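First subunit A sits with subunit B, and in the next complex the same chain sits with subunit C.
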Partner chain A sequence: MVTPLTATVDLVVRFPGIVTADVRPGYIGFIINKENLVEVATAIRDEFGFDLLTAVTAVDYIAENKMEVVYHAYKTTGGAGLVFRVQAERVDPIEVPSLIEIWPGVDFQEREAWDLYGIKFTGHPDLRRILMWEGFEGHPLRKDWKEPFFEEETKPFKSRWPDGQHTFAENKNPFRDNLNFPKDFDPEKYVVDKEEDLYASLERYTTKDVEGNMKTDHIVVNLGPHHPSTHGVLRVAVTMDGETIIGLKPVMGYLHRNHDKIGERNTYLQNIPYTDRLDYFNSMSNNFGYCTTVEKLMKIPVAERAEYIRVIMAELSRIQNHLIFIGMLMNDLGTMYTPSLYAFEERELILDIFEAVSGARMMCNYFRFGGVVRDIPDDVLQKIKGLVSERLPAKTDEMERFLNENEILVARLKGIHVLNAEDAIKYSVTGPVLRATGVPYDLRRADPYSIYDRFDFDVAVRQNGDMMDNYLIRFDEIRQSLRILEQALKQIPQGPINSQKAAYQVRVPAGEAYGRIESPKGELAFYVVSNGKPNPYRYHVRPASFVNLTAVESMCRGTKIADFVALLAMLDIVMGELDR
Partner chain B sequence: MENEKLSLPNYSIPEDIQNVVAVTTLDRLYNWGRRSSVWPLMFGLACCAIEMIAAQTARYDMARFGMEVMRPTPRQADMMLVSGTVTKKMLPSIIRLYNQMPEPKYVVAMGACASSGGPFKEGYNVVAGIDKFLPVDVYIPGCPPTPQALIAGMIKLQEKIDKQSIKHVTWYNKEKKDGNYVPMPILGPDLIDVRRNAEIRDVAAAKESA
Partner chain C sequence: MYGKGILKGLSVTWKRFWDTYTEDISWMMRGKKRYNTDEGIRHRSSKDTKGIFTVQYPEEQLIVPEEFRYVPFLVYDEGADGKKEVRCTSCGICAKVCPPQCIWIVRSNDPATGRPVPVPTDFYIDMDICMNCGFCSEYCPFDAIKMDHDFDIASYQRNVYNLEKLMKPAAYYADIRPENYTREEEARKAKEAAKAAKAEASAAAAA
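Let's look at the complex of A and B:
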């Protein structure tokens, strides 16, 4: 069973003259007049019930001199989504109304589109660059923007293939380095951005009187980008009244590795190893998401045995991700290392399986369009069976027994940082964090992909939405994953592992596809636009961590700074995916 | 005395204290102390950081070699393990951390990205190797290097420490006090390496059109 590509909603009938159906071959959805976007979007949310706006991104159609902003909206009750878009003339300033009033979850994604495409979202209260720094020259994802190491529009580069003549990218750049400056730039006269905009965007108060004459003032604290508790290179600027957080802004981009730009130069196949490095805990899940998306575009089936192998790998990945999550959460709560050493012990066993099937512990590069690259040997299948039926359930129980009723843990987690369901949906939060608020939204059930509809499992849901539930739901999910694994291991058939012939390049018909999977961190989606050539015209990653972080400011206001550290662990962010 | 000859001391030690006295050189003692307690900066950049954590867990146990005490503050760290892609946006923070580390200090470039930019080299926000700014002592290949490779790299660093002599090291040299200070790069229209200001100005002036 596959849900249809688009919901059966006819916006054209509801808004004649404002909305037109997108009739380009391979495209679906509706094109909305720029001026009426807010009005139509309100109707999409309130009348048609698409309450979860998962992705906002832009595409630069330079040949048609148009910039397009694409929105993907879904219902939290499940089912197909709605794609709508606005188009703007490609003349600066490009202006599109912001949807932040309707779906506050678009906040960071609109800022990203401004940063990388230079689209001004009118009405956005805090439209600063998000991945690059203020003062950076140009909007890098525009098709006419060339990076300093630019060689050719698309790979494989002629300098490398077919006669194998290699030139270093350095030799083509006057600096012999990854640098590019505008004409007549003088570094000594450059005024460095002091990040005043960032600090101005923080909520603050100047001075207040507390009962008579005592005057207090806020302080601004920067956490990171080098900080032991920020899970990588995230930076957070916080204003505090004593220990209480008043305003908070995440600052990111410290690991912005230009996945989108590199992805548009790569061929489709070359992108698979890059997806490994998005959420580097779960390379199998990332492969899954990307291959699902491109298969959607190519309209090819997946070999039956490969479907099972994919599910087995994705669920093993989920288990090890949640184990690490628990270990890291404990680290941030202060029980340095002991629980995480237990977690890593189990993780190593799962990594052994990844290594046995793919050859690499972390960067598996295992999936291919139409299947997987290698078969699972029988002894590895036996090993997985042993893990799933004996070791992992026992170890999960053991961890729960040791940790769940620990007094300090309960004191630090219970009733802290409550996120209610309404806010979670508003901020486009997905994954375990959303399900802990009582919304049973799991893509494996709500919008089934691959063969998840064949398995009997429950969507893990908790009701309170506090940190404790967020912690417990991870154990629930491990149990459900084990259930799926048990069935998959029983049902896995013999047969070929790829429906396609092995090829260096795949033929992808023109069109667009938005493929999403339930990664351990939430909804991981890829938006790929093809123009029929060997390289994707647009390659966009919709990462779960990035969008989930939108909710963090409202969750933290009024809480203590020490709890914020735990909250970051609880959101389960990973910088490779957050910054891409 | 040469380190290699230490096991054959040509001193005659009186018989009654033969089991009490050992002969060694100051260098050797000094290096033995340093190489057995290399404290890395607790500093993860990207994917490689996960393998760095894995190398410290029970299975690989980097503590066997005396380098498990990760310090989040640069003031207490001896070695900076650059574990992952160095981006232009992150670089000023890395340089600041390096400058704050006390001598003697070492830099290990872990993985393809830190060594050369790796798969992301062509990216507009990526620095093609930390060695453009910091003096790197050991490069560890891999994407990411396995924990075994990381430990092998650490042992290489220990070998390097073993060969240093108190007579020649820069950090006791009064004239070279700031020998390892790296000027802070600036985030402008692109990354400005202030040591190359003149070159940047010249190339930008010679550029064809705006």
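Let's look at the complex of A and C:
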């Protein structure tokens, strides 16, 4: 059973004159008057019960001179979502009311829309650039913005064939033209003064007297961007009182490459290998999410055997991700390398399988619209069966025996960074982090995609929401994945592996689609708008780690700095996905 | 007892350490070599592996599966007089499907008629840009471009390969991908046979 595209809620009846149904072909949901957005959004949350706002993004309809902000709201009890949007004239300043009071989880996503589209969210307390740097001119996702190495609006580029003479891109000397700085900006004289905005956004207190005359002050510490605990290049500015965290702001974008813009230049097919590079631990899941979205838009079925292969690959990917999560968490806690290398052993065996079916260990590029690229050879299927029925269950047990009762581990994890269910939902947290707080929200059950409704498995839930539960829930999920795998391996039918003919150019009818899957890190969603041309008009990724990081400040306040390192590992962030 | 959990964990580490030596001994007893042999490497990457797991690169190298893909190359057939007959017809599908757009093809024209000749004059692949996705070989209708197994291409220069450097014989392709090669050859032969049968039938009909 597949949940319907949109919930049966009639906002038009509830708000006559304010809300209109979206009647553009291929579009669903409602258009809300900009002025009444906050009022309607409050009703959507409180009256209709859509408590989880998963995605906020914008689309630049330059031909109609309109800028649109799209919201996707869901219920944590499961079921279909609600799409609502506001439209604004495309004349600067473009102002849209912020929904941060209603769903605090929109914080980073609204900042992203401001950064990349230049939409001012009025009422947002900290509307700074988030992915681009402070000295950047313009808003890169606008359709009239062009990158320094700009060649053509869309791929394939005409210079490649039939008269292709190779040139190095840098020979076009982009720095002489095509690169803009803001007015009065001199890169020679640039000192990092814009950082003041960042530090001003941090919570702080004024100097206080302790017992009469000793004066104390807070201290600002920058963690990263180069720090082994940040799993890449993430910087976190922290104000501290002694060792206790008072305020905290993540600074990101060091690995930003504007995946969305690249995606809009690419054809639909060309995006598949690019999605591999988002969360590079789980390229299979990323492929899955993107292909599901485009298939929704194309309205094509997936070949039966391919559905099973997809589930097998996605679940294997989840197992290796969680094993690495456990290993890396231990690294951050100071158990250098022994647990993580034990985890890597199992991961290697799973990657061997990926390599045998797809040709690459990490950048798999294995899914195609309507199926997968090639069949699983029989010997590989045997190897998967061996791993799933013998090795992985035993090794998961061994890992638990190895770590779970370790007194140091328990002392570092138990009762630390408690996140309650209410806050987790408020901050749009998804995935294992949400489920560890006691909310059984798993997209494989709540909003089933692919063939997950055919398998018998439990949604892993833990109740306390502390670090220990976050750690233990990964073991629960590995076990559930193994259950799914066993059933999938038993049921997998023979047959074709793609419902479509192999074609290097696909036709996608005009419209929009929001496809989401339960990636190992949380909800991974793609929002794709097509205008019927060979390239997507809008291609947006809603990464799990990026949105989950929104909750980090409220989780850390009042805890010790040393635990923050463990918290970053626990949120399971991957910079390839976070910075895009 | 405080410290019991740590001891329990250490027993796992101890067992893993011990496994390496029991495995070595059991291989020795069976008169087999565990290191520097294909059998040993295969066993170390199977589900039954125990103890030491690593492969001592470069003395030992993992055996890559048939589908393993690294940068592309162009397949040529050996002609009658040893001439290299490149399979590529410069149709441009690979250049169009390439996600990072790292393929450049120069198509040649017949000087007499001015019409395109189905052979590339030159063919460039910028290996530094190539993302090894394998789309070019997947969508090539002539089995002319294939993904390589040779990953030792580090160099001090930029790697822009031209037609000469990209060409590798069909025998090499058959060697690295035997199953794919056989399947494609069979398909090609079947196609040719069908074509010949059709020609014969039409010739018979004309007669």
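The rule is simple: the second predicted complex is superposed on the first by the 547 of 580 C-alpha atoms of A that agree within 3 Å, B and C clash if a C-alpha of one lies under 4 Å from a C-alpha of the other, contacts with A are read in each partner's own complex, and residues count from 1 in each chain.
Here, contacts are C-beta pairs under 8 Å (C-beta built on N, C-alpha and C of every residue); 3 or more make two chains touch, one makes a residue touch a chain.
Predicted model, so just to flag it, every value in this text is computed and none were measured.
In the superposed model, A:Ile492 makes contact with neither subunit B nor subunit C. After overlaying the two complexes on the shared chain, residue contacts for A:Glu345 are found with subunit B and with subunit C alike. Of the two partner chains placed around the shared chain by superposition, subunit C is the only one that A:Glu390 touches, whereas subunit B remains out of contact. Using the contact criterion defined above for the overlaid structures, shared-chain residue A:Pro273 touches subunit B and also reaches subunit C.
Contacts of A:Tyr254 after superposition on the shared chain: subunit B is touched, whereas subunit C is not. By the touch criterion stated above, A:Val418 is placed in contact with neither subunit B nor subunit C.
Legend: residue contacts after superposition of the two complexes on their common chain; A:His227 is shown touching subunit B, with no touch to subunit C.
In the overlay built on the shared chain, the residue A:Val410 is in contact with subunit C alone; subunit B does not reach it.
In the overlay built on the shared chain, the residue A:Glu137 is in contact with subunit B alone; subunit C does not reach it. The contact surfaces that subunit B and subunit C form on subunit A in the two complexes overlap at residues 273-274, 345, 348, 363. Listed in rising order, the residues of subunit A touching subunit B in the complex are 131-133, 135-137, 140, 147-151, 169-170, 174-175, 177-188, 190, 192-193, 225-228, 232-233, 253-258, 261-262, 265, 273-274, 277, 280-281, 340-341, 344-345, 347-348, 361-363, 575-576. Every residue of subunit C that touches subunit A in the complex is listed here, in rising order: 2-6, 8-9, 12-13, 16, 45-49, 53, 64-69, 90, 92-93, 95-99, 101, 103-107, 116, 124, 126, 131-135, 138-139, 147, 158, 160.
Subunit B makes touch with subunit A in their complex at residues 42-47, 49-51, 53-54, 57-59, 72, 84-85, 87-90, 93, 97, 117, 119-128, 132, 143-144, 146, 186-192, 194, 196-197, 199-201, 203-210. Interface residues of subunit A, counted against subunit C in their complex, comprise 155-157, 159-166, 168, 266-267, 269-274, 338, 342, 345, 348-349, 352, 355-360, 363, 365, 373-374, 383, 386-387, 390-391, 398, 401-410, 502, 504-505.
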